[in-house]
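You will see chain A twice below: alongside chain B first, and alongside chain C after that.
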Partner chain A sequence: MLKLIQVEFLKLRRRKFIWLMLLAALFMPLAAVFYFANIKGTGVEPIEFYKWTAFSYTPWIILPVVLGMLCTMLMYNENQYDILKQLWIVPVNKVAYFFSKFVVVLTYSICFMLIIAAASILTGVLPGYITFDSASTLYLLRKCMEISLLTAFAVLPVLAVAAVQKGYILPVCLTLVYTFLGFILLMVNMYLHPLSSMTAIVMRDIPGVVITQPLNIPGAFLCIGVWSVASVMLAGAVLKKRK
Partner chain B sequence: MSDFVIKTKKLTKIYGEQTAVNSVDIHVKPGRIYGLLGRNGAGKTTIMKMILGLTPITSGEVDVFSQNIKGHEKRIYPRIGAIIETPGFYPNLTGTENLEIFAKLRGTPRPNAVKKALEVVGLPYRDKKLFSKYSLGMKQRLGIANVILHDPELLILDEPTNGLDPIGIAEVRNFIKGLSAERGKTILISSHILSEIALLADDIGIIDHGVLLEENSMEDLEKKNRKYIQLQVSDVHKTSLILEQQFRVTDYAVQDEHNLRLYDTALDMAAINKALVVQDVAVISSQICNDTLEDYFKQITGGEGIA
Partner chain C sequence: MKLLLWAERWKLRRSKILWIAGFATVMVALIVFAQGQFMFYGSRYIDKAGWFMTATQSLATFYVLPAVIALLGSYMICREEQEDTLKSLRLIPVDEMKLTLAKMALTLVFSVLIYLLLFVITFLIEAVLHLEALPISLVLENLKTYFLDGAGVFFAISPIIALVSRMKKGYWLALVFAEIYSFAGLFASMSNTLKTVYPMTAVFNLSGYYHASVIQTLIGVIVLLTCIVLSLFILKGLNKTAK
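The block that comes next holds the complex of A and B.
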């Protein structure tokens, strides 16, 4: 299993687009610079600033879309270039293969959120919008880790679809529909969609965030868990069948 | 232990209503090169995929190393090296990096295994050229390097000379022959190029429209296709009598009322012709012929699609 994970990272060499996608992590911190410069000004609460840079559109839209694209790219190459046959006769266990892809997605998600955390601190402290303090920084890091871990699990259905599809169009479309559906369902029922469940868990202790529905953390974990298990089962079954 | 490294029994593959492979029995002996010859779409790749467990079998059985591959993949796959269709590699990596990935996945114990495999196929080690920039010939060579990377006992090669230039084809041929002769590898190779199979294989299976038309050793096939004298005469019965009584010829075959074949090409044809004419048998033609393997394959397959 460890060998498979190591190999997954070796495969990412020279895949510039994958690394370029990390730049999307800078979008909200940079947007916050303009917003706070023109509207809010300096001397805001760090958490208030981080809500803008790291806890709002990033977990709702940016990170899921980026991870969805990553899932598609990880799977598409091996399908397109007929590499899977070579892997199966090594032999490579199909569930382990799927799991190793997930580890890449999880690691990427953590890196993405760490970049956001670093960018949030820099864009907040350097222009003087916030003052640096260890408590808010630790809080930011803890929330960023939460978001990264939960979002990686929440995009498992996209990874499963990318694994069972030979093309990239369906997984890319699914990523967009899945992400926006998660965003829309936030206002309807947070415990149907893994992304909205993830938001419920993340938002539970962010000061100033009003959640209109009753908070049900076990329900949110259950939703993510059920979708994750179903995704692994789907990917495992189809990969085993497809050869 | 079984006498065969690969043995199939009534192997059949049906896609929808089309039968791609129909009740095929092939027998690959240890240490020999088995050539699967057939035109494009004859079912060669499907047979190989079924042997490797890469496509489900509709009916029939496959034994590899005397075991059914299904359920024994972990034990059997490390003993096999295979190229099926075009060798697939990561386009963003170099040849060396690609092989390092497969070496790592296989847990190849030999040090320098990647370097040695690349040397064998004539590709540079630690070259910076990406796989996406490789020519078809280089891709095939890298595919072969990947096949031999873990020193397997059985090689399954689906059209391995595809895309190679004539020199490359000769090199790969010699290399495959060497693997069998010097290192005792068992090789199952497919091709639609008759001359390739004729030059390489010890045993041959001819497949057409999913049916195995013939399975034989190359030696036996060559015997079937020896030189002969084709004699066209007015009366084949009278000619037979003359040949047997006057010239003591027994190694001949009557084909029809006017044609017969004499397999002893050292016969004195002038004397035979003269004797036949004297005894009122008209000799229409008399010529030395040599049925090649190609003629034979054309005859049994209908003649198209084999280069």
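The block that comes next holds the complex of A and C.
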């Protein structure tokens, strides 16, 4: 398994676009700079600033879309160049293959959120919007870790769909619709969709956030768990069936 | 040119992309319908006549449809290179710029059709819910908004599609660009100046979703025309780069 994961990372070496996609992490910190420059001015509470850069649209929209694209790319490439046949001849365990892809997605998600954390601190401290202190920085890092780990699990359904069929169009459109659904369901019922459940877990202790629905953390974990297990089972079943 | 358009239409016959784009459109309508169930001061959003039609077009434009349309356009362009049919086309010989223009024209038609499909779905749901409360002027106003949104969104993202046709294998880039580009419209709409010049929000000024002055609308037209000129300019160099 470890070898498979190592091979997956080696495959990424020459794929420039995957690294370019990390630039999307800078979007919200830069948007926050414009927002605070125009509207709020300096002397902002650090948590207030981080809420803008890292805890709002980043976990709701940007990170899921980027991870969905990554999932599609990871799966589509092997299908496109017809490498899967050779992998099955080696032989590679099909479920282990799926998990090795998941580990890449998880690592990418962590790197993405770490870049956001670093960019948030830099864009906040350098223009003087916030003052640097260790308590808020540690809080930001802890929240970024939570978001990155949970979102990677929440996009497992997209990875499964990308694994079970050969094209890239369906998983990509699904990523957009899936993310949009998660975002809209935040206001309706948080415990149906993994992405909105992830938001419920992350938002539980962010000061100043008003959640209209009763907070049910075990329910949110259950939702993410059920969707993840169903995705792994679907991907495993279809991959094993494929010759 | 007519022949090229005819050929393009036939090429799409066996491809699933139109079905998937249609599926994404239907899903967006359903998701916004789910949002309409949200209670606000004792009444549901969906109970207000016209809310569903207005909300769906704005949410779809900010989050989903531009990326789907960019995917459609870039898929049509990139598949020639990817499926190795471009070489045969060059042997005929087919002018690559004209070919790409035909593909762009078809994308414009599909962009308008996707928005009209969304209009039909939202109108039917509104009619089922409260036909008597729906004045004909409101329906016609929305039809105009959807139609202009469809055309305008294509103009706004045309530089992205043109850029992709230059890069050939960069359809991933088109997707990420288009998604971030449309999503950034959400922030651009916060500032009045930016709202006027940012292509994505200029579409709303033009279509009548935002209450814009004549000057703002005219600037919007100029911005969108600039987008088209820019994409033609990018396409002009296409034949020179062909090997």
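Rule of thumb we're sticking to: the second predicted complex is superposed on the first by the 243 of 243 C-alpha atoms of A that agree within 3 Å, B and C clash if a C-alpha of one lies under 4 Å from a C-alpha of the other, contacts with A are read in each partner's own complex, and residues count from 1 in each chain.
Throughout what follows, contacts are C-beta pairs under 8 Å (C-beta built on N, C-alpha and C of every residue); 3 or more make two chains touch, one makes a residue touch a chain.
On a predicted model such as this, the values are computed, not experimentally measured, just so you know.
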Can A:Leu181 be said to touch chain B (first), chain C (second), both, or neither?
second
Touch test for A:Asn38: chain B only (first), chain C only (second), both, or neither?
second
In the superposed arrangement, does A:Asp82 touch chain B (first), chain C (second), both or neither?
first
I'd like to know which partner A:Val65 touches here: chain B for first, chain C for second, both or neither.
second
Per the contact definition in the header, classify A:Val172: touching chain B only (first), chain C only (second), both, or neither.
second
Which partner, chain B or chain C, touches more chain A residues
C
Quick check: in the complex, which residue numbers of chain A touch chain C?
17, 20-21, 24, 27, 31, 34-35, 38-39, 57, 61-62, 65-66, 69, 73, 80, 167, 169-170, 172-173, 176-177, 179-181, 183-185, 187-188
Chain A to chain B touching residues, read off their complex
3-4, 6-7, 10-11, 13-15, 77-78, 81-92, 243
Which chain B residues qualify as touching chain A in the complex?
49, 52-56, 73-74, 77, 80, 82, 84-93, 97, 100-102, 104-107, 130, 146
Which chain C residues qualify as touching chain A in the complex?
16-17, 20-21, 23-24, 27-28, 31-32, 34-35, 37-38, 59, 63-64, 67-68, 71, 75, 82, 170, 172-173, 175-176, 179-180, 183-184, 187, 190-191
